[in-house]
Amino acid sequence: MFRHTKRLQFEAKPERPDPVYARKLQELIGGAFGEMSVTMQYLFQGWNCRVEGKYKDLLMDTATEEIGHVEMLATMVARLLEGAPATMTAEAVKDPVMAAVIGGMDPMQAIVAGGGALPANCQGVPWNGGYIVASGNLLADFRANAAAEAQGRLQTARLYNMTDDPGVKAMLQFNLARDTVHQKQWLKAIEELEADGLETPIVPNAFFDEEDQVHNHTIWGLSDGTDGPTGGWSEGDDPLEYLLDPEPLGGPGTAPTPDPALFSTYSTVQDAEGTVKAKAQAAKKSSTKKTAAKKTTARKTAGKKTAKSARKRA
Amino acid sequence: MFRHTKRLQFEAKPERPDPVYARKLQELIGGAFGEMSVTMQYLFQGWNCRVEGKYKDLLMDTATEEIGHVEMLATMVARLLEGAPATMTAEAVKDPVMAAVIGGMDPMQAIVAGGGALPANCQGVPWNGGYIVASGNLLADFRANAAAEAQGRLQTARLYNMTDDPGVKAMLQFNLARDTVHQKQWLKAIEELEADGLETPIVPNAFFDEEDQVHNHTIWGLSDGTDGPTGGWSEGDDPLEYLLDPEPLGGPGTAPTPDPALFSTYSTVQDAEGTVKAKAQAAKKSSTKKTAAKKTTARKTAGKKTAKSARKRA
Amino acid sequence: MFRHTKRLQFEAKPERPDPVYARKLQELIGGAFGEMSVTMQYLFQGWNCRVEGKYKDLLMDTATEEIGHVEMLATMVARLLEGAPATMTAEAVKDPVMAAVIGGMDPMQAIVAGGGALPANCQGVPWNGGYIVASGNLLADFRANAAAEAQGRLQTARLYNMTDDPGVKAMLQFNLARDTVHQKQWLKAIEELEADGLETPIVPNAFFDEEDQVHNHTIWGLSDGTDGPTGGWSEGDDPLEYLLDPEPLGGPGTAPTPDPALFSTYSTVQDAEGTVKAKAQAAKKSSTKKTAAKKTTARKTAGKKTAKSARKRA
Amino acid sequence: MFRHTKRLQFEAKPERPDPVYARKLQELIGGAFGEMSVTMQYLFQGWNCRVEGKYKDLLMDTATEEIGHVEMLATMVARLLEGAPATMTAEAVKDPVMAAVIGGMDPMQAIVAGGGALPANCQGVPWNGGYIVASGNLLADFRANAAAEAQGRLQTARLYNMTDDPGVKAMLQFNLARDTVHQKQWLKAIEELEADGLETPIVPNAFFDEEDQVHNHTIWGLSDGTDGPTGGWSEGDDPLEYLLDPEPLGGPGTAPTPDPALFSTYSTVQDAEGTVKAKAQAAKKSSTKKTAAKKTTARKTAGKKTAKSARKRA
Amino acid sequence: MFRHTKRLQFEAKPERPDPVYARKLQELIGGAFGEMSVTMQYLFQGWNCRVEGKYKDLLMDTATEEIGHVEMLATMVARLLEGAPATMTAEAVKDPVMAAVIGGMDPMQAIVAGGGALPANCQGVPWNGGYIVASGNLLADFRANAAAEAQGRLQTARLYNMTDDPGVKAMLQFNLARDTVHQKQWLKAIEELEADGLETPIVPNAFFDEEDQVHNHTIWGLSDGTDGPTGGWSEGDDPLEYLLDPEPLGGPGTAPTPDPALFSTYSTVQDAEGTVKAKAQAAKKSSTKKTAAKKTTARKTAGKKTAKSARKRA
Amino acid sequence: MFRHTKRLQFEAKPERPDPVYARKLQELIGGAFGEMSVTMQYLFQGWNCRVEGKYKDLLMDTATEEIGHVEMLATMVARLLEGAPATMTAEAVKDPVMAAVIGGMDPMQAIVAGGGALPANCQGVPWNGGYIVASGNLLADFRANAAAEAQGRLQTARLYNMTDDPGVKAMLQFNLARDTVHQKQWLKAIEELEADGLETPIVPNAFFDEEDQVHNHTIWGLSDGTDGPTGGWSEGDDPLEYLLDPEPLGGPGTAPTPDPALFSTYSTVQDAEGTVKAKAQAAKKSSTKKTAAKKTTARKTAGKKTAKSARKRA
């Protein structure tokens, strides 16, 4: 259960309105790596965490902080929009500076939100749950968290360079600091998982004997750059071997004979003429006897018209 | 520019059809961490890479491989659907096993794709570009890549446990191996970025002096767990301090007086009666003089009706 | 700023696993009227609320409660999935009951979330910010809130009829009660807004003199039902008049001559021949002189090829 | 079945082009509360309406009108774009007013629609079916309708303040009037449902005895505002009681032991050490015996590698 | 399997930066008919193609080319953004030209991609798999391909008119040429399918005897235009007959009695009073006896409260 | 403006309920090529049509018919769901046939729509405006229409094979007939556009002289199939030449030096060492002088920290 205090985690007071910047800040609210994403990502990871104690506590502590970051940014946006030229008419647009500001504003912040923030990014695309990661595997998820905080601090730093309002910069300095801490904590938590013997560097900690033993240490050189093999990844204790000009290991990628009831285009003649697929199917013949029997029935279901077309095609 | 050979990178031949499993495999094609995602993620990172040489080559080599992974999986899906009961009628559903298979199948694979794979996940949600990460900062992006491959191998391992078809398992063993390599290579490439002096662990490598110096090493304890501070993150050379029961640093999170032309609800009386906002605004008065002047004009634009309502409200 | 306690607002303990039901519960988490929607809806309304005091407090109190509802439901889903047949193979599907359960399960809960809840609805569609309403006008928003809680309680009631697990039913009884309260409170808050003189029944409280005075009290009968005028809406103090077989008030809906640089299909001959559009344009001629001048320039920009095609068309 | 007349319900003739405003009008076409939404919302409600007669007639009459509103707005957008500087080059952007206009235009209206309207909102986000409400419960749906018309009139009023073109304003005056009528009619239809004894104020009209009797009249004070209890909702015949500083009713929100075949991180040691979850599980032991038996089998399915990792973790 | 060469299919060098145009080019990358769409459309069609040989080869050749087109455009965007005023502050916006440029730029290209292209359209909407067509029926799909290339060349031509940069125009001249070829090739491939006897003009080649014989050659005149019957479609060997003022063939579109457990609004009284639905149901009575029996049980499940409300409604 | 009659265009009465089939029918309502798509596609094309007369009339006639098709299908879905086991509990699922039916049903049809149709496809993905095509160029759009009707009839034919209910089959026979007509009419309308001299086969009818003259008749052979050149497209009057093993025409695809204020990874050393990019940039030097000057300023904006990191990197 959650509780709320009306005071912001950190102050969010711009010195003056800046509606163009208010639009850009939306990226930190509802973008793929905005505060809504980390809020929901850590909440779902925390609720689904199967290890009670320090890991779950760290998740829930950070998740709870992030809700407050959405709050700070939403408040900042409302304040940056104070007095914005929301109602300018076509006449007024003739003042080029005013017109430019209107061009750079987010029209939905006025029309839809009445001068407030939206659960969307800086291009108006609504935030969605497909952005977040919560798999139940803590190593996989903490790695995603460290990556998300890196993108978050990167975007914050870019936005920091896009304003000179002291109030906005003060809040972003706090955000930069929090993103530094959160990057550090997830990197440290990854080390801790290994120190505790819960996970090892490759996710998941399983199937190392079952996986293909020939290709679990090769990098396939499929682009014509020649510098790939000079990287540090090809050295050290567990070097990755760079395969230059590697050949495919599989046969031709052919789709099987279609179900006539689905009306996919098919030519029995052409197939019989010795195409790649015909050869591939020959090699596969024995294993499909049972299936073939089943298909005969399906053909009947498809009915007389289909049969007729099949004849025409043959 | 790209070229294509018809042979698959690895064989994709199931021993027998399994339409229920064909649906589940869609997650590896068009899910958030499916092969479409890593294909597009590495392509965009590679195209936008500003460091020629080993990093760009590694990106383009891996990107090019991943297109072939979508190909392997799409071929596998078409083969798993061969002879699937796509046309069963209501009568036939009375056979419980057949009915169950139909219940578990992806109806779009038959109706929309004619017995083939879709650019969507196992619930039919279309793949979208919001899944991918390509920021231009290689450390931020490689961290996202290592995270994506971890999720990918995790999902592959889960799916490996959901089938006993030897042909499917053989292909997944290859995929598991590739996901192992790709996790390793991005982790090593992260080390290489630091070894080359291009990046340091915190992304981006900037604003360390400007960021809030008080809160760039504190974890805020905002959930009632008590184990958070016992983690390794609170120890060592650069320990993170756990703030227990921290107080907010900012004032109340209030939205400013609305623009009357936008018809947000507002009460001048209530505001004057000494609410939190009134007090907050008093403290802020000096900085908003210029804005206030601008707003007067805006009120006039909104016209007589609005003025009337404003009076009624007062 | 927010704080979290690890105890759930209400207990969420199913008596036994039920993976098919776990899928259905996703609708209450990430559906259009699930708990993620009301959480975000009330948070954004609260942060953007311009009336300090009881309205903002009611919003923030309820918003904070709703975060805890997502938590209860996510926990319930994880518990309903305990021991679910996540790894069943094709062989096992031959047991019809097992097969049916697998068919009815959400495959992403296993593959993507590792046996936990997702930020998505019961069909796997991710929650998105387009579901929520936060306009800054409290009457408009409270009406949306009362509507959202009605849909929420309706869906909860339907789901209540779809289980007989006492633990699940106990939690849903709590949810039903909360949805009753929340419906009541928003309906009462609407009355309060009017009692306080802040809003009147029609949103927004403006432009009553400017709006079309002929058609601000007519219902247009455009379907052939004859019972429409018998409703109570046609009676009382402020009756709405039912227009039977009404005629359109406007002229033909024609699009103007296209910009040649955009290559929309256009026939100057056909237009000259006296079509509806030609007539409509004649009537409009005087007002477009200035525009015509501007267009001449645009035509030139489009270049010689376009001019040639235009000739050919003529 | 539907029929169409080419005349618009109301005239849609701007006095002059205004491409920046043409973008903003998209919100009324394809936004969450635009005309596409109310069209589809009323159509689906009407088709799914189980009460023949006045309610269904009102739905179908209004739905049919709304299709014509999309038509009016789409026509208006095409006319506002007439002669818009769609083809301006980089050179031309040096004229600041022209540049500003281009900055504020919707680039898709030119590139994708050739100077016409799009089925999208003012930020280019396509309209989608997740916006609409059609539950089969008329009270729940009429409440959503009254809310939708309120948002619609609010956005129309905001847009009315953003133009001074007499032709545009004339059309919007008609739209404002229709939104007034539609708000009134749904509010009256809600009263009618109750007068007819079909529904009562809380949706659905069921489970009042079953729902939690302690918490079906309490507002939980979870934010630190103190004005919540002063609202009218705490008074009158059926007052809602404000719980100040309420305690959670449930136990800790813990996720159960994960299925090893899904590779969620888990520590048997840590769990045994007396964490919250261990205690919670102890209390729950009796009810899960049957489940435990089932899980043993699942572990075996997951295979030898998993077993090995499990040992290592222990 | 795929291979990549670092050289672009065609040069992509603008003469000078143009950040406003860089935004517009996004439509050709990630719009509905951008290069990502044709890439994925042809890949999925090729992989799912059931006719080995010339058709599959044509698909795979073109698909592979299109990946390289995304590459050309992404490179062009990065170059157009070189030196773009990504970091301009509020002060700088006072220069109207600079401000206008900022207003017209895509803020995500800077904030999210660090000065590169995005997998999104010119309004920032992410590309998604719902755009593509791959049905397995080659005629249906080639028709979609010819349509997609037409839209693609149309958008390219519009964008060609929006720049005067010689480098950009040179690349677009190549793109225009490729779109010409691709339109031609799919139109020719459609002829080839018929020449080979694989398909006939109507898709699919089936059910011509089963389909409604009265209405497989009539155009229903449901709008009040009178020119429809004058088109060439009403002439020739296989003329389509224009039905003027046609009557509906079906009865009233009524929804059946609802399941009480779902709480849809229903009135037994009103239904009995002779509404359209009552009459419709009478006519349908005999066929629903079995269903009715089933429903009785369902009512019991819904429980006593529901029963009570049902009584009240009656 | 539109009018509605309550009678369906064709009867929609299933003989018996079939909830599994009701889910599949959703594809024809809200799928990419369902009736909502053609409705909206033809409406927007019609409203944006710049040629008054037969073309616009054909568009509006067909558009108006399609609204009625959504109506028929929505009615059919509600009737197929009559008596569906919406409220089955976990106990009841032990009946395998019942369980299978529940597994195959669309849970949202019960939970969200109360036993009715949804504006979504058969996997629950909401319909969205990104599906439709309306460009203003009639040839491009009619080609898309012919393609859409082909996909529509194909899906209808597949669904026709998935039921044996005489009532459902009767309605689908009508739909198949209408899809036959609509395919024919758009194909004929395409011929008419050419006969009228409005368009020629390649869209748009422009830039034939400007487009690349070398590559406007070549098919690039980029996949290793050898049958591509044997197709009819390489013959006849206007044969397309098949380029085997073609070489790229452009130079390396390199991204320019990044703006330091955006923190993209960059190495001045590595770049100086003679990478491909360094060479490419040398060739481009003269044209970027002006840009370089601008960038110097940008570097200063980025501030001292960045300068420091730049030094470290060097």
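In order of appearance the chains are A, B, C, D, E and F, and numbering begins at 1 in each one.
In this text, contacts are C-beta pairs under 8 Å (C-beta built on N, C-alpha and C of every residue); 3 or more make two chains touch, one makes a residue touch a chain.
Just so we're on the same page, UniProt names per chain: A, B, C, D, E, F = Manganese catalase family protein.
A quick note: this is a predicted structure, and the numbers were derived from the prediction, not measured.
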Both-way neighbours, i.e. chains that touch chain E and touch chain C: A, B, D, F
Chain pair showing more contacts of the two, B-D and C-D: C-D
Intercentroid distance (Cα basis), chain E paired with chain D, Å: 23
In chain D, residues with contacts to at least two other chains: 1-9, 16, 32, 47-48, 52-53, 55, 60-61, 63-65, 68, 71, 75, 78, 86-89, 96, 99-100, 102-104, 110, 112, 114-116, 120, 123-126, 128, 130, 135-137, 139, 154-155, 157-158, 161, 203-204, 206-208, 210, 222-223, 225, 227, 248, 253-258, 261-264, 275-276, 301-302
Chain contact topology (line, ring, star, complete or other): complete
Partner chain B, residues of chain C touching it in the complex: 1-6, 47-53, 55, 86-91, 93-94, 96, 99-100, 102-104, 106-108, 110-112, 114, 120, 123-126, 135-139, 193, 196-199, 204-210
Contacting residues of chain C [partner chain A, same complex]: 1-9, 30, 36, 40, 43-44, 47-48, 60-61, 63-65, 67-68, 70-71, 74-75, 78, 112-120, 126-130, 132, 134-137
Contact set on chain A toward chain E in their complex: 16, 18, 20-21, 23-24, 27, 31-32, 96-97, 99-104, 121-125, 154-155, 158-159, 161-165, 222-225, 248, 253-258, 262-267, 270-271, 275-278, 305-306, 309, 312-313
Touching residues on chain F, where the partner in the complex is chain A: 154, 157-158, 161, 261-263, 275, 301-303
